[in-house]
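Each of the next two complexes has subunit A plus one more chain, namely subunit B in the first and subunit C in the second.
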Partner chain A sequence: MTAVTPAPPSTASAPAPADSAPPSRSGGRSRLRAAVGFAFGAALLFAVAPLALSDFRLALLAKYLCVAMVAVGIGIAWGRGGMLTLGQGVFFGLGGYAMAMHLKLADAGPGGMPDFMQLYGQLDELPVWWRPFASPWFALPATVLLPMAFAFGLGSLVFRRRVRGAYFAILSQALAAALVILLIGQQGTTGGTNGLTDIQGFFGYDLDDPVNQRTVYFIIAGVLLALLALARQLIHSRYGELLVAVRDSEERVRFLGYDPASVKLVAYVVAAGMAGLAGALFVPAVGIISPALIGIVPSIEFVIGVAVGGRATLLGPVLGAVAVAWARTALSERFPGTWTYLQGLLFVVVVAFLPGGLAALWALARRRDVGEEQSRRGWSALGRRRAERAEVPTA
Partner chain B sequence: MSLLWGRRILAGAMTLVAAAAMTACGSKTSDEGGTAGVTADVSGDTVKVGLLNSLSGTMAISEVTVRDSIMLAVEEINAAGGVLGKKIQPVGEDGASDWPTFAEKAEKLLSEDRVAAVFGCWTSASRKAVKPVFEKNKALLFYPVQYEGLEQSPYIFYTGATTNQQIVPGLDYLKAQGTKSIYLVGSDYVFPRTANKIIKAYAAANGMTVVGEDYAPLGSTEFGTIVNKVKSSGANAVFNTLNGDSNVAFFKEYKSAGLTAAAMPVVSVSIAEEEVKSIGTQYLEGQLTAWNYYQTTPGAANSKFVAAYKAKYGADKPTSDPMEAAYVSVYLWKAMVEKAGSFDVEKVRGASDGITFDAPEGLVTVDGKTQHIAKTARIGKIGADGLITEVWNSGKPVAPDPYLKTYPWASGLS
Partner chain C sequence: MSERTERSEGRGRMPGQHGMSERTERSEGRERMPSRHGMSDDRLDGLSVRDVRVSFDGFTAVDGVSLEVPAGDIRFLIGPNGAGKTTLVDAITGLVRATGSVCFGDQELLGRPVHRISRLGIGRTFQTSTIFEELSVVQNLDIAAGGRRSWATLARRRRGIPDEVAAALETIGLTGRADQLAGTLAHGQKQWLEIGMLLVQNARLLLLDEPVAGMSHEERDATGALLETVSRDRTVVVIEHDMDFLRRFARSVTVLHAGRVLSEGTVAQVQADPRVQEVYLGHPVDAGSVPSGLEA
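Up next is the complex of A and B:
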């Protein structure tokens, strides 16, 4: 899958300004490479994985791919746009809850109410704000549009006021915390800490059936590939150039006559939409959405996956998210008592030695050939790596 | 040219996606019958069971002691010859205090390890998360912690107390002591909120007034405001459903505000011997707890359990109600399997009714209909030595009533 590295060889690791060269320079070749990589990824997800993995492992992979969708969005907003979105759990949650509410209502049947409402809420009828979710024509678009609308409203306020850096990150975190407190407090209508669980059907199909679980996996894999294609288009467009420019020097872009706030807003809204879609697909794949999935800690975990993978590349976030989620499962199965230490160690190692993330490994390997030639000209490999590290902008 | 190629490959991939999605058409929700479920692997001379507890995260401090107790029971049973001649092989997984992780690990234990039964879970949220997994796979979970009731899954055995075996007796005791007004303090999650709903219904029917109700987020240590409200409310007693670390902060604040067990006792339902140790007896002495078991509960079965636990894990390790319920759950499963003569889940369920066990807490009986167990309610007072001594008990085991159907005041609750 690493074949879809979009950036030209010289700049794949650190988000240096030259990172996204104008498409014209190597357009044709890069496009072919992307298409081949895309086909390779599709073959891996659609043929190899279903054949090689048991139903259980495939379901786990579906879950990881949902996390990877959030990562694609963070890659755009943070890696390209420099906005450290530490609150993607909010959008993931909005999408997830919208989907889960619809599926719970579908399970309950026409005129029915989800089981927990009678248990915890003693409600006689469905709350008004639940009602529209009974219709798939409302609920499905809502899983994406609701997070996007929310991000738009928030982003308009925040970016216009030039809130950025740590303040933006803290604000994102606060929102995640606020949404969790709200959901837990409204136990009668939201399921509280339990969240929405025990989801039986997915548009009429029984989710207990392994065949249907497999279909859900295929949908998720397809959506992830589509999102990657979309992200690639975005990164390689004129807008993508502008976004990187805003990240690296917002003031200069402003002096050039562009409005950095709108540029950032678009990336933020797109990332939110991707997180919402991921949340919506997470629900049929895992069968649960709860405040524990959308609060501060999971929001940070989304970002960790992206950082591990390499935030400024197209595939880095996806690979990082899947790798981190997979490592979590594998380590905790093998070492149930001590896996958290191993996971922590892994993060430290990556951040300390591979600041560009796993994607930097790829670039490093490719550059070794170039590097040898360069070191003959007096460049030390170490010095170059230091220089790269210095180029990583602080968020 | 290359662009064209790219498009072609893209189109090919998309067709593949569509084809894959089209061919896979499984059963509809409307179909009858449902899935077959997994069967446990009992072909060898061992039988695997799953242990599903949080070994990391906020719940680890409590759940590790439950894991230890289950391991103790497993070792004892193996030393005595196993179950149906097979040695029990425990497979441990970490729920990591994270509810979807619990669901993932439950699925792994059932479909990859093919265990015959799973023991574990603590919080209601983790139980709710794994419930569909066990129902889908038609496999058994033994849940060892007191909980908020209002549940009865055919694939879960509840060996901790339901509300009428813990909270209702606690209220009965307060009422008998002449308590007229109570203040409710709890952590903000499902168990306290549901428990308080039940308490309010009880109070309304029994001439008590609830003078206040406050929730703190799980893990919160900020109790100045709540304790001030409690103090100025003038309540006769406090009903405490706080969980975990919050209790430390709450009781420190309670004492420094000058409130005492004599003047305004606190009845806690989540503080057992282990927690007493970490909160500090100086803050808790004289306060009340409602459980079904204490380390000091008399009887030969308990002396044996306490001695075995201390011998294995250290003399300073206390035993508590959830630990005992977890220990008992393994023995109950063994008794059910032996009565059924099979590890088959449906046969085990069928054999469950009327199974008794001489547990450390006294005689317990499985109610096959609700899959809860009848157990004696016990109110205890925390002593200066950190142990809890019983001040009242229900005299005989209380039949489980998870939906409180036999209590007229609770008719509006479920």
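Up next is the complex of A and C:
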């Protein structure tokens, strides 16, 4: 009967302190590694890239980094939380339009109207819902809070009704389509298919000036690093563990006394906020926001980058998003028209053969070392258990 | 060793209660448990199920079941496939809609959402293992312990191992595997981890759905011993098909058949019930097949 007995409390008290030590130690080591990683990333983004790249390429990189911000959010919502968010373009668009509306109004000057409204000529004065965006104090927080509020409302409805899996993905994608249709339909106040274009200034700075473009790049790089730090904290917190638990077994979590709907809601809202911020920064970097940039196709492209990089890791989504966006530019320059097929192929290959993304290859290489270490530890634990057992009869 | 004596003592007591009515046995149990173990902070409560009915599209899976599980009991629910055992547990834990009344202590459970019922101290396991395989043993337990954590606590990182988690690790014998991924545990260890998660969850009523299915003999023994340890300050209800396990560890048994209670009592009482022999075992049992331990 003593073979693999869960030891009664009296006999098993000895090994506890020895086993409580390792997590904190490895926690310290991982913190150090993270600090080094962040320093390396900062050096790369703030020193190497501006020196090595032309102004044109740097502006492209700024655009990729915006996509990477969306990817960080998708990594949390999809990679850690299991929600396949195929409609992040909605939140990206809300953030982008909020920023672009403010910049258009700032370009037009006090009391002025954006150029396209005069062009279509049906409006005598600014629509009511445009007015608050004249103030930066409203517009800037709105770029993040508006998407978050929208995600909160939507998520509350959807998660409580236990909509998940493919249904959730289809729903979020339909939403992206709906937003595009709405924007195009309201051409007089939204710019329609053209979107909000030809944005000149960014809080008093001329966006045509390369120096200012560079500053925008630095802002974007800094924000991306900050979002990564936030994501890292989230992933390693108790909430992050709980989120993975919800992803893997929602029912079980419910039986532990949590409400999985609110756990998922937080991840979804955070991802929406990140997408909104990315959209807001995309506008000064590229100078335009339009329905074509936020619809179904871009929404899927956001997800492809995350899938390629490795959705459940911290850096995978970022590197994947940048790599896919870069590959898209490079390949469309050389072989116009083939990118769409290559992108589809890439997605199929990753989903079919490498569900963990490229990060899985990296983890595979590392697991070999860790695996050895773990089996060693396992053996020593077994030895200790044996020793305990030997003690029991004599005691 | 101590469990062994306690168990044989428990078994020896059963035949002596043969003539007693259900009610006296129950009230005795209620008084006995708290005084014997001197539990002061954790209240011991019994489960009281009254006239519970569950139907799915006209099919009645549970048809007016009433049963009383006294505090500190190890009650086994048995019955042929489709008898409504799991559905009854589903009803108690809020997974399916039911009519009637289910009280734990003085709290009515029916009509509350699953996670609220769980917070009242009702914990359950499922037939299939539902631990979080991608998380380590200690993370599994820590999540189970945190049903009432504030968002501020959740936003921070876990430092070290909380006391209740360490205690549960010892109870279930997985202290040496705290940092192992739960998915890599052996089958029996996964089941113990499930029970450990109920312990840190502070469940005062444990509903276990076939906890020893697929386990080796040693693992069954260990699980039984674990149930006895656990039942010192908790009430345990076990759905089980394994008759040997039942004979050794059940303190009382309820037999369900076609959504109704067929028989209830000690192992010996239930085994002696001709209706149980006919319906559940399929044929009458002769006296010789009753294990000798029951007659001690």
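Keep in mind that, in the parts below, the second predicted complex is superposed on the first by the 323 of 395 C-alpha atoms of A that agree within 3 Å, B and C clash if a C-alpha of one lies under 4 Å from a C-alpha of the other, contacts with A are read in each partner's own complex, and residues count from 1 in each chain.
Throughout what follows, a contact is a pair of C-beta atoms (placed from the backbone, for glycine too) under 8 Å apart; a residue touches a chain by one contact, two chains touch by 3 or more.
Fair warning: this is a prediction, and the values are worked out from it, not measured in the lab.
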Of the partners subunit B and subunit C, which touch A:I181 in the superposed model: first, second, both, neither? first
Subunit B versus subunit C, judged by how many residues of subunit A each one touches: B
Could you say whether A:R214 touches subunit B, subunit C, both of them, or neither, answering first, second, both or neither? first
With both complexes overlaid on chain A, does A:F152 touch subunit B (first), subunit C (second), both or neither? neither
Is A:D206 touching anything from subunit B or subunit C once the two structures are fitted on A? First, second, both or neither. first
May I ask you to decide whether A:W326 touches subunit B, subunit C, both, or neither, giving the answer as first, second, both or neither? neither
Contact footprint of subunit B on subunit A as seen in their complex: 28-29, 31-32, 34-36, 38-39, 42-43, 46-47, 50, 54-56, 59-60, 63, 107, 118-120, 122, 181, 184-185, 187, 192-195, 197-201, 204-206, 208-215, 218-219, 221-222, 225, 229, 286-288, 290, 292-293, 329, 332-333, 336-337, 339-340
Residues of subunit A that touch subunit C when the two form their complex: 1, 3-9, 12-13, 15-16, 19-20, 22-24, 27, 233-234, 236-239, 241-242, 244-245, 248-249, 251-259, 374, 377-378, 381-382, 384-385
In the complex, subunit C touches subunit A at residues 2-4, 93, 114-115, 118-119, 123-124, 126, 130-135, 138-140, 142-144, 146-149, 151, 153-161, 166-167, 169-180, 188, 192, 197, 201, 216, 218-219, 221-223, 225-226, 229
Would you mind writing out the residues of subunit B in touch with subunit A in their complex? 1-3, 5-7, 9-10, 12-13, 16-17, 20-21, 24-31, 34-35, 55-56, 92-94, 96, 98-101, 103-105, 107-108, 111-112, 123-125, 128-129, 131-133, 136, 150, 188-190, 193-194, 197, 215, 217-218, 412-414
